[in-house]
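For reference, the structure is listed below as structure tokens.
So that you can tell them apart, the chains are marked A, B, C and D in the order they are listed, and the count of residues begins at 1 in each.
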Amino acid sequence: MTDVLVAVALLLVAAAATAAVVNRDPARQAFVLSFLGLSLALLFTYVQAPDVALSQLAVGSALTPLMILLTVRKVTRGSAGGPARTAGPGRRPDRGTARDRRPRRGERR
Amino acid sequence: MTRRGRLRLFLLAALVLAAGYAVACLDLPPFGGDRHPYGDRAVHAALARRTANAVASVNFDQRAMDTLGEETILFAAVLGAVVLLRRTAGEARTEPEPARVSAGVRRLGLALLPVALLVGLYVVAHGNVTPGGGFQGGVVVATALHLLYVAADYRALERIRPVSRYELGDAAGEFAYTMTGVCTALAGPAFLANVLPLGTFRALASAGTVVLLNAAVGMEVACGVVVLLATFLDQAVEIADAPGGPRSADGAPEEEPT
Amino acid sequence: MSVLPYLVAGWIFLVGLYGLVTSRDLIHAVGCLAVTQSSTYVLLLAVGYRRGGTAPVFADAPAGARVVDPVVQALTLTDIVVGATVTALLLALVVQLRKRHGTVDPDRLSELRG
Amino acid sequence: MRTSDGWLAAALVPLVLLAPVLWRVATGRPRDRLIALNLAQLLAALALLLASQGFARSSYLDLALLLAVLAPAGTLVFARFVGGVPAAPFVRRIACAAVPATVLPLCAAGGVSRQSVKLLVIGALLVAGSVVTSSGTQESAEADVADPAGGGTGPGAAGGGAEGGVPGD
């Protein structure tokens, strides 16, 4: 019975890894990577490695996705600085709204 | 090299690698086989040192030197990320907005935070007896603190997270590990030798130096991950780029190669 | 069954490499590297598995129990956590590249260099 | 150690169910992916619980405990970036039905001991986490998750290309 579990988990891991690679958009890839972490943790449990499974669960469930998503946010909207964009109450409403559109062209020339 | 050329080269190399690897697989000892000379010796040594968790015994006793290396990589990686992502001249710091999170999520987060912290500490503390240890538990503790960010908001997290203290804790973990090694070298036969009393098998206080090294690693991992996430959060939530947008090399024009 | 885990490890490795080679986005490439890395975990644990064995943790098992190899598990578990911080370092590099060059597409980055 | 095939066969059920969930995680819209991931975490926790009993190792329960604690954190991380916790009555119903259906037999099989207390705690955490993270409460009003391309496409639109965030090119 253990062999069946291991085999199914292995196939699941292989499928999740493939899906993680073919998802080209990093934000969407993060979901699949999280799933890959889960399926790896299950596989590790079935090959009697609970220590490793714990490690994988701890890292894969929240830490890696958070880092990837934060990087995506920083990179795709690098110039906006996040919250400042939508003019919060009394928080530099002028920063980051028009600025990232203006000077770039001139500098590239 | 063009994209197409690169892909062709990769496919060729992958084909060769796959063929070689498949042949090698057929010659590997079959999956689930019974011959594990290293494993048997490691288990024997772990039992001799009254460490119920043989994996922890390998990590923090039999191959403690190796783990010092791993820990140093971790330390260096955190340091590198902090240096890379530090706020440079010309980058403005913006105040994060208070997040509007629903009451249910907020309550869940606040209820889960102490539980998660406790589970993390439990995983670290029982590292020498049950599955777990400093590496896993440290990550859990750090993740638990960030429940405040996802369930409340960034400012709530900042209140309980003086980053400089966690940086100190990160270094202290690394220092404690090395100093344990130095002390054992002074007191006994070798660097990182297990010289402390071994205690009773399956008890929390067993396995000698494993407990100390485990705690040191737990501290370093927890603090290191907190610092790491803090730098990322700083970049993504608080720091706006230098005026002129991201293309102008952070207000340091001499570094722009074009 | 006796070679399936090894083959799966090889497949994950190759798929991850394929993603790395064809990636148009460095963040995606870092994700692919994480996938590639996980192939080593699968391979190591497959090598250490013993049929009918249980975890080498004797908290709730008799001391003479038939157990799997703890050495490979120790290698893997540290690598997972250390690997995550290295992933973070790479992501930090990506953020820095984006700041300096305005793109995270590796092809455009090499064009920049001339 | 003596393994019990019955419990392991039961563990196979959530494991096999993960396959269609993976399809959703890999191909859906971001919100669907989040719901599917939530469901995957629940199924994985159930599989871990059953495996613990199947392998007759009570120390494996720590895995399910850890997952029960961290799964909501993971879901909320993603929720912050797709702009809110999506409503998923399906996941909620599964959590309310499958978790007791798994935990109570496990408790009965193990007898009254410290393990059954742990099991009940894990079950309670799982149900609470799943119910709250599938309740569909909106937090998308928060500024730093609001997507310029509209809520439905989520981070996918923002991360569509390497230059996705650079306007005016």
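A few notes on this one:
One rule holds for everything that comes next: contacts are C-beta pairs under 8 Å (C-beta built on N, C-alpha and C of every residue); 3 or more make two chains touch, one makes a residue touch a chain.
If you're wondering where the values come from, they're calculated on a predicted model, not measured in any experiment.
Contact count check for B-C and C-D (C-beta pairs in contact): higher for B-C. Subunit A and subunit B have Cα centroids lying 17 Å from one another.
Subunit C and subunit D have centres, each the mean of its CA atoms, that are 22 Å apart.
Within subunit D, the positions touching two or more other chains are listed as 55, 57, 59-60, 62-63, 66, 70, 73, 77, 80, 143-144, 159, 166.
For subunit A, residues touching at least two other chains, in rising order: 2-3, 22, 25-26, 30, 48, 50-51, 53-55, 58-59, 61-63, 66-67, 71-75, 78-80, 82-83, 86, 88, 100, 104.
Among the residues of subunit B, those in touch with two or more other chains are 32, 53, 55, 96-97, 123, 130-133, 135-136, 139-140, 143, 146, 225, 228, 232, 235, 237, 241, 245-247, 258.
The touch graph of the protein chains shown is complete. Only residues 24-25, 27, 54-55, 57, 59-61, 65-66, 102-105, 108 of subunit C touch subunit D when the two sit together in their complex.
Residues of subunit B touching subunit A in their complex: 32, 53, 55-56, 92, 94-97, 123, 131-133, 135-137, 139-140, 142-143, 146, 225, 228-229, 232-233, 235-241, 243-248, 258. Across the interface of their complex, subunit C is touched by residues 3, 6-7, 10, 14, 17-18, 21-22, 25-26, 28-34, 36, 38-39, 42-43, 46-47, 52-55, 57-59, 63, 67, 70, 73-74, 77-78, 80-81, 84-85, 129-131, 133, 135-136, 138-139, 201-202, 221, 224-225, 228, 231-232, 235, 241, 245-247, 249-250, 255-258 of subunit B. Put simply, subunit D touches subunit C in their complex at residues 1, 55, 57-60, 159, 161-163, 166. Put simply, subunit D touches subunit B in their complex at residues 59-60, 62-63, 65-66, 69-70, 72-73, 76-77, 79-80, 85, 125, 128-129, 132-133, 135, 137-139, 141-144, 166.
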